[in-house]
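The chains carry the letters A, B, C and D, assigned in the order they are written, with residues numbered from 1 in each.
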Amino acid sequence: MSDPGIILPAPEPAAARLRPERTSLWGRALDQFRRDHAAITGLAIVAVFFLMAVGVWFGWWGTQWSQALGGRWEGPSGGHWLGTNLLGQDIFQRAVYSTRTAFEIGLIVAILSTLLGGLLGALSGFYSSRWIDSVLLWLMGTLDSIPFYLFVAAVAVAMAGNPWAMHIAMVATFWTTTARLVRGEVIKLKNLEFVEAAHAIGLGQFRIIFRHLLPNTFHILLVQGTIVFVSAIKAEVILSFLGLGVQDGVSWGLMIAESTQEVLAGQYMNFIVASSFMFVLVMAFNLFSDGLQDALDPRRAPR
Amino acid sequence: MELLSYVIRKLIGGIPLILGVTLISFVLMVYFGPDKTFELLSKNPTEAEIAQVRAQLGYDRPFLVRYAEYLKEMATLDFGFSDSTGERVSSILSRTIPVSLALLAPGFVLGNLLGIVLGLVAAWYRGGWVDKLIMGGAVVGMSISFLVVIVAFQALFGVVLGWFPVRGWNVHDLPSYAYYVTVPTLASVFVALGYNTRFFRAVLVEEINRDHVRTARAFGARPAEILFRNVLMNAMIPIVTRILFSIPLIVVSGSLLIESYFGIPGIGKVTFDAITSGDQPILKAVVGLTAVLFVLILIVTDILYRVVDPRVSLTGDAR
Amino acid sequence: MIMGMLLLAACSEPPSDDNRDVYRHSEDEAPASLDPAQASTVYSNMVVVNVFDTLYRYKYLARPYELAPNLAAGFPDVSDDGLTYTFRIRSGVEFTDDPAFPDGTGREVTAHDLVYSIQRHFDPGVRSQGAWLWSGRIVGLDEWGQNGADYAAPIEGLKALDDHTLQIQLTAPYPQLVYTLAAGFSALVPKEAVEFYGREFSVKPVGSGPFKLTSFNSALATFDRNPKFDRGVLNLADEGYRDDLHGTYGLQALDGQAYPFVDGLEIHFIDENASRWNSFISGEVHNVMVPNEQIDRVLTSKDPIELNDDMAERFHKHSGIEAGFVYGGFNMADERFGHHPDPDQDAANRALRCAIRDAFDWQARNETFYFGLGNVFPGVIVPLVPEFDADLSRRSVQHNLQSANQALDEYGWRDQLPSMSYGMPSSVQQRQMFEQFRAQVQEIGFSTDQFSPESFATFGDFSRAIKNRELDLFFLGWSLDYPDAQNTLQLFYGPNETPGSNNFNYNNPAFDALYEQTLTLQPGQQRTALYRQMNQLVIDDCVVISGLSRTRVHLWDKQVRMLPDREILGGFFMRFVDIGNESETAAMSN
Amino acid sequence: MTRINQPHPVLRVDNLCVEFATTAGQIRAVDQLSFSVEAGQTLGIVGESGCGKSVTSLAIMGLLPKPAGRIVDGSVLLDGQELTRLPEGRLRQLRGAELSMIFQEPMTALNPVYSIARQMTAVLKRHQQLSARQARHRAIEMLARVGIPRPDQRIDDYPHQLSGGMRQRVMIAMALSCQPKLLIADEPTTALDVTTQAQVLRQMVDLQQELGTAVILITHDLGVIAETCDQAVVMYCGSKVEQAPVADLFLQPRHPYTAGLMQSIPRIREHKLDRLPVIEGQVPNLAALPPGCRFAGRCPNREDRCVQQQPPLTERGAQQFACFNPWNGPVES
């Protein structure tokens, strides 16, 4: 076999007897994930941010993000932990409130684009080399050929200030990668015995797709979901800077966009706080996502 | 001859893609796009003037006519004049694209080269601390927003240190080129490096685990030789694919942010201004040409596959 | 190899010759079009008046602004009824050499060129943005445009009597006519170049002004001195020089010398404040208008404006009020809060508008966004025009929550407030301004949802929404076309309602009657009184939340001898700019 | 353990112990392994997959995957030179020159993007300082010697243009092109079909005889051992359970594991063996080895002490085995 480092001289069945290791994909993934300290740390940080976002949802904190509570550009103090911005708004409250915005964008875009990508990818794979597949492949190729920011900007402009324009644009571009991956997996799966058996006993095609094929691509969907989540949060910053992002409310992207002028006037607080919050969440999510990929993709098993 | 017929076949095969891209972008950017009428009107317009300008902009014509016109413009590569300045679109493009290329080329080349080098190093020491350090750095790099990097670099190099200009593009010779291109290049390398390194490492690790690498080691090849001849050369297909396909995205999307922020008169800034002012002729040209570029890159990629891997033939299917 | 070629292609300009004196000017935005027919912005004007000639220009230093002949030989003869104007044009003035002319040599500028240039505005194919200056004013001109814009067809009210004489016949007295002939819109263009370059004339202008455009893109315009340009010498006394005001700028040395003084001109269009500022500090450009966020760092005092020592050591300073203002407006066509046929409801609506106006805190706006340098004034007659009334009650620009709440209670608005949409172009600063305003109206009972932002990706879409009366509230800026209050008061004239310039759709017969009365009046006491009456109507009806004129603080390199001013004056000052060499400058400061 | 007055062996492996770091902890993949090979001799190592035979060959070559695998004890002497303590640079000079190795998968063992010529001459240029022309000449000559028809043309082919058998011949030619003292062949014919297998083996043995190379042949196929080897080492779970001259081994296997292997060989070999014949029971986990004999769990002759302590290597004539209760009966089938 290829690398002696990868195939260790320990035959599988013996291992199963001596140590009760889980044999399913998910069981092994869980074991692998648990041993990945970076991923666990990432998950923990993401959880903290999520709680922060939930708190904002329930109005426990971050409620006074829009009020001008202080003077312009006050330094950190007991009243304003991280100081105030140009309008005298509390930077900490705004950063905390933005956590909710980030999760809203990340979750909505990740869930929708994963659903769309999974569904269309499965359809495309199941009917591979038929017309549905050709049309879907053409659509994916087309969407991938339009430069991302141009596309998002165009959607935002076309939808004239609609608060969901940004989400829709991101979903419309992010689903293609997921769909391609799912398509490949489904093509692989549909030739496997259990699917052929399902055909043989006369199960309907949609039943096969939804009951047998899609669930088996769930690991791809999960990993892609995390990747899209991170991409969405990062894209929001750029779009908000370009004036195409969040329409009402506040987000780290808006804070950074506000701060671009302040930074050059020597006021760094808004910039540092917003970018740090975002960096920590994105970094944690990246670590978490990496851990998931290592755990779920046998080919990415560590070294 | 074989090559020529192949290219022609591929070009014809690219037509649906171009049609798709033009159709989608036409619907979004032109049909439902921004209305330029009121920017061209005076402070005190009359209904008649509004109708007049709308007619001049072609807003009053039916969808299909306008789309057909777009396709005709694509076929003749003549996109007319900018709706804002009245400058010929082709002259805008020929003025701005070289600027963008000169601006982005160093960052693009460096970002990929460094990415490959770091990827090779990490792959060679996979599992070791060097690998962990590089990959840790890559994740950090991936987690920082491009905008944050640009703002921070501009503040650092332009304002705090004052080594480089804060913005602008007043290039007339090599030193002035280096003067203006450095900070944007650093920023784009910084941002691209994390993603590139990760991708290249993954590809290279897969290759480094192959049997022929072990063979080479068993025959006493030096690490440099192995990394170059066995690992890198064999990983060329995914590497070439990634690099080539990132070109159109970088030329438009990448330059958009850098050029708007650094005030550089390249294609990205022109495109962005066209979006925010609804300059449809420019948008039509940029999107259409990007689609053509994609098709060309598809072809170039296939030809390069043939060059880097003897197993690939242009007539049959790859691998 | 490829890189080298790229580099060559990407070069913006050959390096400027060290022996040439080049004035490097910075502006905060790039003009869209350089065609005088579309010279609607300060930025376009900056270029247009330097490349082209206008009949009149504003005096370099005189304030309030005064006209001086430019291409015209003196002021026009006006008939007693004020309807016929006869202009004499200098002879011997030629357009710059350009391939557009036969054998490439520019020919003489004649009165026919002015006829052509004004005709163009009424040609439907030209997309004029300045036609409204003359629309309905000149006999036969509108009809000429409507009848197919045949340039061969004569126009009764606009004709060249000979090569150097132009006659304009008005439909009614129009005291502002001469002002319009100092606007970039009226600049003289040669027909040959317009036809030669077609659509691209807007980026390849050919004129007879003091400079000749050599390159233009959205970041930089470069010019060479027009060697054919000869208007004699600079007479400082005629230009309004006062030793007490201008003595320190080193202008005396230029008195009696032929202008333009510099060999070349560069205008750098730098959108971002910080970038522009840094370019100035590092010497890449010679001048800057101090961006807001630098104000606290640069000034030691705001009234009067004083530079800190370091800045005063290095730079000259001049400050002035902008020729324009920013204001918020209501869409009066909306019966929920605008005009209402029922007098009681109309009064209630008026109370609501007044309450919102009183809730708006100009002081906060000024402090936050203009660093206290804005000039808050009541009404719509801006401080820059002669008709401005410094003694007008400031009641309408005072933040007064108590009176606002009281009025709302009195008219039964409590808990019945309508939802208001606030329109804005999508930008960070616009959003911040909105957030500040929203916080203020929340104090009088509006909830977050009742006061919602509607942002537009392009300014065009924003304007369309205003013109289509889709927005309840909006903030806009206005820059004056000429220093006359009529220019802002026309924004409230009923017949100008949208899509015209009356974005408020304000419709008050009393106002309209006064407006019509002033149209034909020459400047003077009577007209000023009527203007002020109209102003009061607008204030009392709470149509507008107004206003603020920004104070511009100009800084420039001490090496440059000039007085920069882009208000009204536009780019006219550039012909008088001189770059002193180091030793001269040093000698002068001693 | 050591014998005096023997001819000087080309390779002597003494008490070799190799460990791997895994997520389950340190695993001893090779435990106290000793053997030696003389010039011109062929030593077979046989065992189930995972028994440590490939690890042994990599350990000798110094190609254990780093940092997971390392030699924790023992020595490897090539011509009297200690390999385990040699710096990597020196070891590299030996690989391909003094000791060569060919692998199981001829389909993937060659670099697909370079021609045969380029890969063979690279080795020759590296170790023998030949000019490009000389190296090519030599490479063609070697290809001819392993029985490749029209070698002067085939040498410019790319690996994908050759059949599996041809590729393995190329590997053999390449491995022997610098006339190494030792050739390690790790399952060289497993991936080939039966007829090609025999031809390739024959070619390899012929060339080995000609050049006097010592060969270690690693296989799971006892038939291959019988046909080509002088001595055979049987490995189980990382350690040697039996070593004997091939004739003795087939005549009278001593270790019950060897006997088990023998029993399951089909008498008439009509088809190649894809895997070793099945022996009842399961191989223990290397991460948690039992204290006694590693084969005890599957051994028909198991006694109590087999479970408690490890049987030492016993010598009987030319035969060595590690068993308390060796097999004495005939090999049934």
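Heads up, the rule we're going with is that contacts are C-beta pairs under 8 Å (C-beta built on N, C-alpha and C of every residue); 3 or more make two chains touch, one makes a residue touch a chain.
No experiment lies behind these values; they were computed from the predicted model shown.
Asks: Report the most central chain, judged by the distance from each chain's C-alpha mean to the global C-alpha mean.
Replies: Centroid comparison flags B as closest.
Asks: Hey, which pair has more contacts between C-betas, A-C or A-B?
Replies: A-B
Asks: What whole-number Å value describes the gap between the mean CA coordinates of chain A and chain C?
Replies: 48
Asks: Rounded to the nearest whole Å, what is the centre-to-centre distance of chain C and chain D, using the mean of the C-alpha atoms as each centre?
Replies: Each chain reduced to its C-alpha mean, chain C and chain D end up 90 Å apart.
Asks: Suppose each chain is reduced to the average of its Cα coordinates; what separation in Å results between chain A and chain B?
Replies: A distance of 23 Å separates the two centres.
Asks: For chain B, what residues touch not just one other chain but two or more?
Replies: Residues 34, 127, 159, 166, 210-211, 214, 261, 275-276, 278 of chain B each touch two or more of the other chains.
Asks: Check each residue of chain A and list the ones that touch at least two other chains.
Replies: 2-3, 153, 157, 243, 257, 260, 263-264, 303
Asks: Can you tell me which residues of chain C touch two or more of the remaining chains?
Replies: 272, 274, 278, 457-458, 461
Asks: What does chain B use to touch chain D in their complex?
Replies: On the chain B side, the touching residues are 127-128, 210-212, 214-222, 225, 229-230, 233-234, 236, 308-311.
Asks: Looking at the complex, which residues from chain B come into contact with chain A?
Replies: Residue positions touching the partner: 16-17, 20-21, 24-25, 27-29, 32-34, 126-127, 139-140, 142-148, 151-152, 154-155, 159, 166, 202, 205-206, 209-211, 214, 248-249, 252-253, 256-257, 260-261, 271-272, 275-276, 278, 283, 286-287, 290-291, 294.
Asks: Can you list the residues on chain D that touch chain B in the complex?
Replies: 61, 63, 67-68, 92-97, 100-101, 103, 105, 108-115, 122-123, 126-127, 158, 160, 171, 174-175
Asks: Which of the residues in chain A come into contact with chain C in the complex?
Replies: Answer in residue numbers: 66-68, 72, 86-89, 153, 156-157, 160-161, 243-244, 247-248, 254, 257-258, 260-266.
Asks: Along chain C, where are the residues that touch chain A in the complex?
Replies: Contacts found on chain C: 272-274, 277-278, 293-294, 297, 364, 367-368, 426-428, 431-432, 435-436, 438-439, 448, 452-458, 461.
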